[in-house]
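Following this line, the structures themselves.
After this come two complexes, each holding chain A, first together with chain B and then together with chain C.
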Partner chain A sequence: MKLRLILLAGLALTAPALADGTGTITVSGSVSPACYFGSPVATTLNVGTLANQADGTLAPITPQSTTIPSSWCNTGSTIGIIASPLVAQSYIGSPPAGFTKAVNYTATAAGWATNSASFTTTGDTSGGGNGTTPGTQTTSDPVAQTITVTVSNFLAPSAGNRLVADPNYSSTITVTLAATH
Partner chain B sequence: MLKTILLASAAVALLAAPSFAVNSANIAITGSVAGVCSITNATTSIDLGNLPVDATTGLYTGSQFSEPMTGTVWCNGTSNTVTAVANPLITTAVTPLIGTFTNRIDYQLKINLVDWVTLDTASSPSVTINSLAPFSYTSNQNSTITTENTTLPPIAGNYAGSVVITVTPGP
Partner chain C sequence: MRGANARIAVLLAAAIAAAAGARAQSGPQTGQITVTGSVDRMCIMANPQVNLGASTNIGQASGGTVTIADLSDDQQMTTKSTDFYVTLSGMCNYSHLLTISSDRGGLWREPAGLATGGFANGVPYRATVDWGGSETVLLASAAGEGQVQQTLSVDQPVVGGVLLHFHIDQSATNAGSGVPLVAGNYDDTIRLTLGPQ
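Coming up: the complex of A and B.
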């Protein structure tokens, strides 16, 4: 009897393992849509003298540009641009008939999507009534590019308008970049 | 071991967090317009013709003329000034002047310079109009020139005067 107990104990000690252990751990992560907008090389574009000294109407104005380097979006994106008319800052009230204190122009943002995003201001002689819907262009792929912003096609609200004297005509262009996914 | 894996996953998730960088930029456009005034298509000469003297006294008796004095004037400043100066009819036919004669004939001028103004070469030869606003004005109306009597006989000869109109933009 004593011998049997000893044998059983021996069997238990030498029994082989009956199961092997395997563990799988899933590692996951995600990358959210993101866009980075670089800083404009020039934050101010001075187009100089706006009026023709001979007759006071709008002078031919050379288009001006600046760039926004190092911009990227890691997914599809939409670039938008909106601008305000150039308006005399010191002149109070509405200008007399035949005069204007606002100048319209077209602002474009090129280099991001296939086509340039553009916005043409539509201010009246006081600068009011401008559009509020940005010009946009969308691309479905990630993009890392330099954006070129250009202002051109300066026009008075009505042909023949004379510009009121003012040392400070100013306006603002806003360029935006947004992921679409 | 499990703790180590969880920490590593958290680190990966952190690296992939979305960027919150600014995604818009403003660009200012500036320009300027200098103050300027202009007169164009203005009348440059008026001939009053012969100014007859009295056959007995030799004095000249004034007369009225309606003459075109046209032109387009504009200023784009916010504090513009229009000045007119009328100079009398003078002759230099005889120099020095003989004391019992005159070489001068005065006149009154009524002219439309944005507003109607009257000048008199003898008493009020200049006028200034201050305009606070930009203006553009085209005058196509006749002015009235009224020559004045002389108290001495005018010397025979050609007489010439002038009306000088100056427009100045404000500061």
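Coming up: the complex of A and C.
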């Protein structure tokens, strides 16, 4: 039995290379970390009339939301959100004592990480002095989700501030997705 | 080998597609949302509050009506000096105009009628309004019965009190200083308005 095996092995060594052969080709590729930010369903959130008609102070304002579908990051990522105060665009200069031309609020981005990223504006009565550090949340896994952006908790810089008249109070929310790996 | 070539081609195509990715990038991706709102132009004025403590010759004040205790001097039957102060809480959230007007242009007898010689039937007065750090004076001279008004242009929003000082000079009448007043009821209406310029 042992002899036979040796003979077979000898035949194999001398056989021509045209017989059954195998070749191995290694194919490799890579996928770079990337994020894609979808298009917001609504690029403008109009919160309507800001002032209480009875005394000119800030009226209760219903929170508003929009969604950003089809966003994804193919690796761990950080979502960040930052916003500017709502500021009267036509009013020039600082408002008089007792008035404000800026309204603060909280912007949140939910649906990406376990917790929502949020940022609360902290403008003074002219809209200056706002914070510069975005609110962030990080996730270690790839995510493909719809992001929901909500504005809420509207406040005047000081309680009792009256709002100057202006047909256009405006603010910008910036949401950022960044791969972390 | 043909099968292997096909497999390579598919894998390469997939790799290219993944790398290209529709607008996906390795750097941070941002999106912006605009938040808007508006504030209507508005002016508000509350009911008048009469400061009786600082007044002279005032009988009573109720709501928007102030009654002078004794319009005429008991001895000479001519006008007594009178002062009272009224505050109205107000607010305008834009550049605006304050208007003060007198319906009759003086404190006239009701009805004014004809003044008999040697008597007066109208009392001039002065109403000074302070609003937002500016002042205007309405002179209701009782030179003739009819509306008079004065305006104050304010180029910024104001919140605070509209302060009105009503004053009658001693002995002032429409027939000259010290002329006796015809008996009767005298009245006028002062209107304060905050509104557009």
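Of note:
As a convention for this text, the second predicted complex is superposed on the first by the 156 of 181 C-alpha atoms of A that agree within 3 Å, B and C clash if a C-alpha of one lies under 4 Å from a C-alpha of the other, contacts with A are read in each partner's own complex, and residues count from 1 in each chain.
Keep this in mind: contacts are C-beta pairs under 8 Å (C-beta built on N, C-alpha and C of every residue); 3 or more make two chains touch, one makes a residue touch a chain.
None of these values were measured; they are calculated from a predicted model.
With chain A as the common reference, chain B cannot sit beside chain C without a clash. Legend: residue contacts after superposition of the two complexes on their common chain; A:155 is shown touching neither chain B nor chain C. Annotation: chain A residues 25, 27, 29-40, 42-51, 53-56, 61, 64, 66, 68, 83, 86, 88, 95-96, 98-99, 103, 105, 149, 151, 162-178 touch chain B in one complex and chain C in the other. On chain C, the positions that touch chain A within their shared complex are 1, 4, 7-8, 11-12, 14-15, 18-19, 21-42, 44, 91, 93-94, 132, 156-160.
Here chain B touches chain A in the complex through residues 2, 5, 8-9, 12-13, 15-19, 21-36, 38, 74, 76-78, 133-136, 169-170, going by the rule given at the top.
Those residues of chain A that touch chain C in the complex are listed here as 23, 25, 27, 29-40, 42-51, 53-56, 61, 64, 66, 68, 71-72, 74, 83, 86, 88, 95-96, 98-99, 103, 105, 107, 149, 151, 162-179. Every residue of chain A that touches chain B in the complex is listed here, in rising order: 25, 27-40, 42-51, 53-56, 61, 64, 66, 68, 83, 86, 88, 90-91, 95-96, 98-99, 103, 105, 149, 151, 162-178.
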